[in-house]
Amino acid sequence: MIARAEPGVHLGRRSGLGILRATGPAGIGSAIVISAATFLAIFGRLLAPHDPNLGQLAYAYVGPLGGHPLGFDGQGRDVLSRLLAGAGTSMLGPLAVVVISIAVGTLLAVSAAWRRGAYDAVVSSGLDVLFAFPGILLAILAATVFGAGLLAAVLALSVAYTPYVARVLRGAALRERAQQYVAALEVQGASAISICLRHLIPNMLPLIVAQATILFGYAMVDLAAISFLGLGVQPPNADWGVMISENQSGVVQGYPLPALVAGICIVLVVVAFNVLGERLYEQAQPERV
Amino acid sequence: MRLRFLLRRLAMLAGTLLVSSFVIFSALFLAPGNPIAVLSGGRSLPPDAVRILEARYHLNDPFLAQYWLWLKGALHGDLGISIALREDVSTLIASRIGTTAALVLYASLLILLIGIGLGLAAGLRPGLLDTSVLAVTAISAAIPSFVAAIVLILVFSVKVRWFPSLGNGQGVFGTIHHLTLPAVALAISSLAIVARVTRASVREEFRREHVQTAVSRGIPHRQVVMRHVLRNAAIPITTVSGITIASLIAVSAVVERAFSLNGLGAYLVAAATSKDFAVVQGISLVLVTAFVLVNVVVDVLYAVLDPRVDLGARAR
Amino acid sequence: MSTASAANASTSAGPAGRHASGRALLEVRDLVVELPVEGSLRPVLHGLSLSIQPGEALGLVGESGSGKSMTARAIDRLLPPGARVRGTIRFDGRDVMGMEGPELRRFRTEVAMIFQDPRAHTNPVRRIGDFMTEALRTNEGVPLREAEHRAIQLLESVGIEDGPRRLRQYPHELSGGLLQRVMIATALLTRPRLLLADEPTTALDVTTQAEVMAILDELRREMGLAMLFITHDLELAAAVCDRTAVMYAGRVMEVRVSSLLHDDPLHPYTAALAAARPRIDATLPRLAAIPGRPLSAFEAPADACAFASRCPYVQEECGRRQPELVELDGGLTRCRRAVELRGTLGARRA
């Protein structure tokens, strides 16, 4: 509430590595898990020891064998290979959701905070309507309209997440807009776009990164849930959510390994994103009001 | 003032629902594909039959007329006919809504009792309990409902056989028995989030200067905790509980699917897969309404709990 | 009252500010406070001593970081968890540091605290009436109606006429000055014997500062309350208090009868503080800012005078030993050149 008279335009900007170090051992551990998952998302398909889609029904739900350390799934496919091949879609989907919703959310938030007035009112009430649609429901609607698939799910979740991003960032943009350096730059004749791009958004960057990190975890859970429902990634494509859905019958039959390892992968990555995001959030706003 | 706030909030609710219903209806209206093909199951029909179907489902009316007909019907509890099942959508919803409502209610109770309880315990007593609650909730906050579902089924119905893995169950006890694992699966990540926020809020309130004022005046610790720390922490706790409970409404679809429960969400997914538009529209409308209603309740509670909320201004 | 304690101060004997021992209402001796900062303990008070007689007002003056607020907090046992405290605090002869539970709470009702920021120090979701009467109701079991009646009376004495309406309002509906008057009334409601006033007017508008200060001063005298008045404003302390203690980097540098403090300071730091304040009645070529940066308590050297780095009278010897707080001309000073400089510090300025 109290306007702080901070003269420094770029006060407290630090290097990415410095911020990461400040997140402590839990933050660094999370960053390592995320890096590993990213590596597997890019190279997993190449590292897969077997064809992830080659099914040998004779091996359905057979446990670990030589060369197949995680055994076989319900259709006799190598679980480790499917896990590695699935990392790609499992990570790419959330990444797309985060990139789209952060980009659109930032654009809406900054422009609304800058222009204020009627434009802000229209944007805010438009976002209020979107708040009425939970992400999964929107994804189900999208699957009905466009057919099941990763693309529809990604677009639906991006739309559903945008209002959350925009609300948080709009507040931050309004606070930043009220800073005296912005007025000073305006007086000096800097254009709105240049102030926003060169000062406003860079100053909001720590918060934006923290938001993106936390959203990634949510997006991963929601996308996997949609795939689990059969409305996201379509079999036989490998995906961690799909793997759980395909092998749920194995759990009831007492052979839970394929579903469990996929579940563990999801939980591990989501924990890492949550913990890192939480730490980054604390870093982004050390004096919370 | 209070009444005006309430009326304003209700007007906003009506507006949101109107726009949402329009979005739901128009999205499916614009969907590629021909409803006649769905009606006929893909077979080609004689022109007479097509005409009869078109008239019956108002398929040739202008878009806005169709929306108006649908909305008017919806307000009277008539959500059209399921093209696939040839049955009233309202009847289909009515027969399934109980399961979903019971599931969400059960999970909400778990969240409120255990989530807030754990959060309070951890927030009020630093030490081993606090550390372990933090660690456990950090992990369980990241467990998606369907992962929780398979683990619960594995442990409690395959290994020790305490709870059934599938189905709805009969009678009150049977229902509770059958819904326990689904409710836990649905609640687990929200429960962890509520516990963490509760703990953080309690800690934050303890550090407030006004709490120090109360201590400096010799108010007994218990009273300081009850009258200042918990009273004020109740504001963020209510908000986060409300928001997470609202989010259960959509996630219930996943849990119903995982436990083969005969609820609204599972039916919505089935209808989406088979492109049964009337059912998707109807259930979406019901779920959105429930979601928005819970959010309104949270807003009103927030205004009741925090006198600083400007009752004349827009909520949020 | 003020003449009595002034005389008391001039006849005081012994080191470390012991004034007529046995009769002091509050007696703090060799108070050392360390606070945990990023995992290690940082000193904020280095053996602070002071005493307050019944009914006496003692000013505690210093720059930010000198430890004056922590002194008040330590006295009221309000230090953050993890703080380490040594020394003794006696209130009316009782050992404050050893108090627990009900005894500590009873002590706290006898010592009332007024904080700098009334907005932050009132619960935003509780009404003014609840805030004011809470202590009376919970600690003394006074019925609500009577507690409210007494609250309304006290509101009147701090210049708030429409008490019944104010009791129904929330803190955010009151201005800062009004809220601070409510704070003062609330502090007096439980009839304490000692007031700890921590910069009670600093957060207020300049126009309301004088008003609030006048109300506080008047009521205190009327009720015969003792007060520890914390401020960074030497002149204000001198105007309100019988004696004034000047703090620097966690230590008391000088204690003096307020009327003598400005014109005849015993310590170069006090003289510098007095010279750094603009005066309306004298035109100076420019304000004499104290050179250098104020030292925080944790930066203060253990074996040197903390003010040595900024002192215009510094000698080599000042950097070698920690000077003691010694009696001089009825006051106390922590300067090894005090006798030599006596009488010249105030004159230099005029």
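Going in written order, the chains are labelled A, B and C, and every chain counts its residues from 1.
Note that in this section a residue touches a chain if its C-beta (ideal position, glycine included) is under 8 Å from a C-beta of that chain, and two chains touch if they have at least 3 such contacts.
Keep in mind the model is a prediction, meaning the values are calculated, not measured.
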Task: Please give the pair of chains with the highest number of C-beta contact pairs.
output: A-B
Field: Per Cα centroids, the chain farthest from subunit B
entry: C
Statement: Whole-angstrom distance, CA centroid of subunit A to CA centroid of subunit C, is 53
Statement: Rounded to the nearest Å, the gap separating the Cα centres of subunit A and subunit B is 22
For subunit B paired with subunit C, centre-to-centre distance based on mean C-alpha positions, whole Å: 55
Query: Out of subunit C, which residues touch more than one other chain, so two or more?
result: none
Field: Touching residues on subunit A, where the partner in the complex is subunit B
entry: 128-129, 131-137, 140-141, 143-146, 148, 217, 221, 224-225, 228-231, 241, 244-245, 248, 251-252, 254, 256, 259-260, 263, 266-267, 270-271, 274-275, 288
Contact set on subunit C toward subunit B in their complex: 76, 78, 104-109, 112-113, 115, 117, 120-126, 134-135, 138-139, 170, 172, 190
- line: Given the complex, residues on subunit B that touch subunit C span 208-220, 223, 227-228, 231-232, 235, 305-308
- request: Please give the residue numbers of subunit B that touch subunit A in the complex, ascending.
  value: 12, 16-17, 19-20, 23-24, 27-28, 30-32, 138-139, 141-147, 150-151, 153-154, 157-158, 165, 189, 204, 246-247, 249-251, 253-254, 257-258, 268-269, 271-273, 275, 277, 280, 284, 287-288, 291-292, 295, 316
